[in-house]
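Okay, got some structures for you below.
Note that chain A is present in both complexes that follow, paired respectively with chain B and with chain C.
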Partner chain A sequence: MRKFWTLYSKEMLESLRSYRLVWIPVVFIILGIMQPLTTYYLPDILKASGDMPPGMLEGYEMPGAAAVMAQALGQYGTIGMLVLALAAMNSLAGERSSGSAELLMVKPIAPAVIIFAKWAAHLTVLFIALGLGAAAAGYYTVQLMGSLSVSDCLAAAGLYSLWLLSAVSLTLLFSAFMRGPAAAFLALLSAAGMSLLYSLLPSDFDWLPAALPDLSAGQLTEGSVAWFGPVLSAVLLILACIAGASMLMGRNKLPD
Partner chain B sequence: MTLLEVTGLSKSYGKQRSVDNISFVIEAGQCVALLGPNGAGKTTTLRMLAGLLPPSAGQISFNGSLPGTDYRKELGYLPQSPAMYRWMSGLEYVVFAAKLSGIPSREAAKVSAAALERVGLAAAGRRRIGGYSGGMKQRLGLAQALVHRPKLLLLDEPVSALDPIGRREVMELLREIRGETTVIFSTHVLHDAEEICDNVILMNQGTIAVQGELSELRQQYSLPVIRLSVETGSAAAGWLESLALKPFIQASQISGGKAVFNVADVALARRAILQEAVGLNIPLLHFEAGSSTLEDLFMKVVGS
Partner chain C sequence: MDKVNWGLIWPLVALQALLAIIGLFSLAKAEQVRGPKWLWVLILLFGNLLGSIAYFTIGRKES
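Right after this comes the complex of A and B.
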């Protein structure tokens, strides 16, 4: 346990010194506030661009606060996930190729502890980024559109973070035996694959973690959702990723 | 007391045998040099001893325990090019290594400061590792390998990549350290091994060519030799060739004005050669009568 804390604080210190703990939350905050702002000011933006046929904007209806908040969280599914995967891709691959894993693995620690500490550090960064991003999005939505249920927002952000965490865990798994960029690519590809399956056959694959973004939006607009299947499959996927990464790390610890 | 017993250790990658059935015993307190040319299997052997590579065959028994017991707690390891986190300070890294070896936080801070002091990095402890020189990094690597007072220290080419000053610093440190713990270090430079070790294991192509105490090896493999060099471009080169045919010379190596002769009787050969040199007015530059060094043994083993 003490060794876990040692490794975890090392990971957090690295996140801080490499400014990962700063720029990822900043990206998330910007992504989060863009949605309510652009939605609210869309008529003005269009007007300012000129050449608007008269009557065009009459049909524009301001969406509800819950819908805007759901769209704001939806922003994290693409750029947010890309940013997280890019930040996580070298966490094992980099240590291995630079040779610092060699120095680490010669200490009396189980590979699982190393992986778990890394995973926990990525989880922390993800929580901070998504927490701040969702809070900023929520603040602007409430200011510009109307009131939101705090508990629904928390539940929606929680469901979304589980989906993002699945992608980060996949990156970690691939990073245990591949080069960093390949790991990020494969992790994003598998996340995209799951999303595609879910969007093509929603009724057959509504238990996939890829259903989580929809659930998160549903939580905001409808108030309650059947979350059990996707949450369970996401948790299992994450556990499998950690276990797999630990096994592979034990085998691939020397620089290639 | 036997600290490490290795029996029939092998490592193969596909068909290629990187380490082929080596066995040796290391007593507590010894300083052993793992000597051999590049590609002899030194790094692979050290990595297997450090538990980083699973052996294909063979057993490693540490301190009398059953083979397969995890002894990493008692191990200090310094790889060939230690990659320590550039964004950490030297002190932070050593504290990190100490804690991972199981030392409680408060004590870790104390022993780490002592370890840095020991390797002469006390003043640079607060600086980032990214700004360290090669010699400083190697000394920091020694500090992190020593901080938990390991029973066995494994060093992979600790001085090969350093400039003469850095090399000197690390060699001095090793000389001190070898009195405190058991050290195995690999090198391809015989001179380094002779300088600080009393035992050598000479490896070539994955097998152990020769092993034993340095002094014994020196005696066993020493042959009476005469080395001489003459000014080049003179008639002396021809004279060296003619010397090689003398009856008292058993074997000879001649190249570019330099010659090494293995002789049966040093006293006789010395007198005969010097007399001839004076008589023929040979421009001698260097003359040495003595025994062959380990260098010759090394070359002979590696060359064959």
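Right after this comes the complex of A and C.
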């Protein structure tokens, strides 16, 4: 356990030195407040951007607070996930190619502990980023649109964080045996593949982690959702990723 | 909606500026980046959010 904390604080120091701990939360806050702002000022933005046929704005109806909050969280599924995967891609691949993985592996530390410390560090960055981002989005939505239920927002952000964490864990797994950019690409591709399966056949694949963004939106707009299947499969996927990465790390494949 | 509420808009501007400043700071301290440094200065200054994201994800070399 002490080894874990030592490695974990080393990882957190690393994410501070690489500015990850700062720039990812700032990006998440910007994404979070941009959505309510652009939704609220959309008519003005359209007017300012020039030739609008008269009467076009008459049909524009301001969406409700819950819908805007759901859209704001939806931003994290695209740019947010890309940012997290790109930031996590070198965590194992970089250490393998720079040689610090070998230095670490000769110490009497189980590979699982190394992987788990790295994963926990990424989890911390994700929680800080999503927590601050969702709080900022919620504040702006309440200021501009109307009231929101705090518990629904927390549940929705929690469901969304699980989906993002699945993508980060996949990146970590692929990064254990591939070069960084390839790992991020493959992780995003598998996340996109799951989303595609879910959107094509929602009734067959509603247990996939890819259903989590929809659940998160449903939590906000409807108030209660059947979360058990996707949450279970996401947790299993994340555990499988950590276990797989530990095994691959234990075999210590040399960098290419 | 006639009056724009600047109290809600300036944090957005300030955060974007903060991101660009952190980027420039890290660029100044970095020994090596992918591509020429002056290009990243331009991207950070004029690239807004996506420019800063591009610098932190693609431009920085982690060593």
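The working rule: the second predicted complex is superposed on the first by the 252 of 256 C-alpha atoms of A that agree within 3 Å, B and C clash if a C-alpha of one lies under 4 Å from a C-alpha of the other, contacts with A are read in each partner's own complex, and residues count from 1 in each chain.
Everything that follows uses one rule, which is that a contact is a pair of C-beta atoms (placed from the backbone, for glycine too) under 8 Å apart; a residue touches a chain by one contact, two chains touch by 3 or more.
What you see is a predicted model; the values in this text were computed from it and never measured.
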Looking at A:Ser18 after the superposition, I want to know if it touches chain B, chain C, both of them or none. Which is it: first, second, both, neither? both
Between chain B (first) and chain C (second), which does A:Leu104 come into contact with in this model arrangement: first, second, both, or neither? first
Taking the superposition as given, does A:Lys10 touch the first partner, chain B, the second, chain C, both, or neither? first
Looking at the overlay, does A:Ile29 come into contact with chain B only (first), chain C only (second), both, or neither? second
Considering only the touch criterion stated at the top, classify A:Pro43 as touching first (chain B), second (chain C), both, or neither. second
Per the contact definition in the header, classify A:Arg2: touching chain B only (first), chain C only (second), both, or neither. first
Which superposed partner A:Ala191 touches (first chain B, second chain C, both, neither): neither
If we overlay the two complexes on their shared chain A, which of chain B and chain C does A:Met69 touch? Say first, second, both or neither. neither
What residues on chain A does chain C touch that chain B touches too? 18, 98
Within their complex, state which residues of chain A touch chain C. 18-20, 22-23, 26-27, 29-31, 33-34, 37, 40-41, 43-44, 79, 83, 86-87, 90, 94, 98, 140, 143-144
In the complex of these two chains, what residues of chain B are touching chain A? 47, 50-53, 70, 72-73, 75, 77, 79, 81-85, 87-88, 92, 96-97, 99-102, 104-105, 144
Using the touch definition up top, name the residues of chain C that touch chain A in the complex. 1, 4, 8-9, 11-12, 15-16, 18-19, 22-23, 26, 49, 52-53, 56-58, 60, 62-63
Quick check on the complex: what are the chain A residues that touch chain B? 2-3, 6-7, 10, 13-14, 17-18, 98-100, 102-109, 253-254
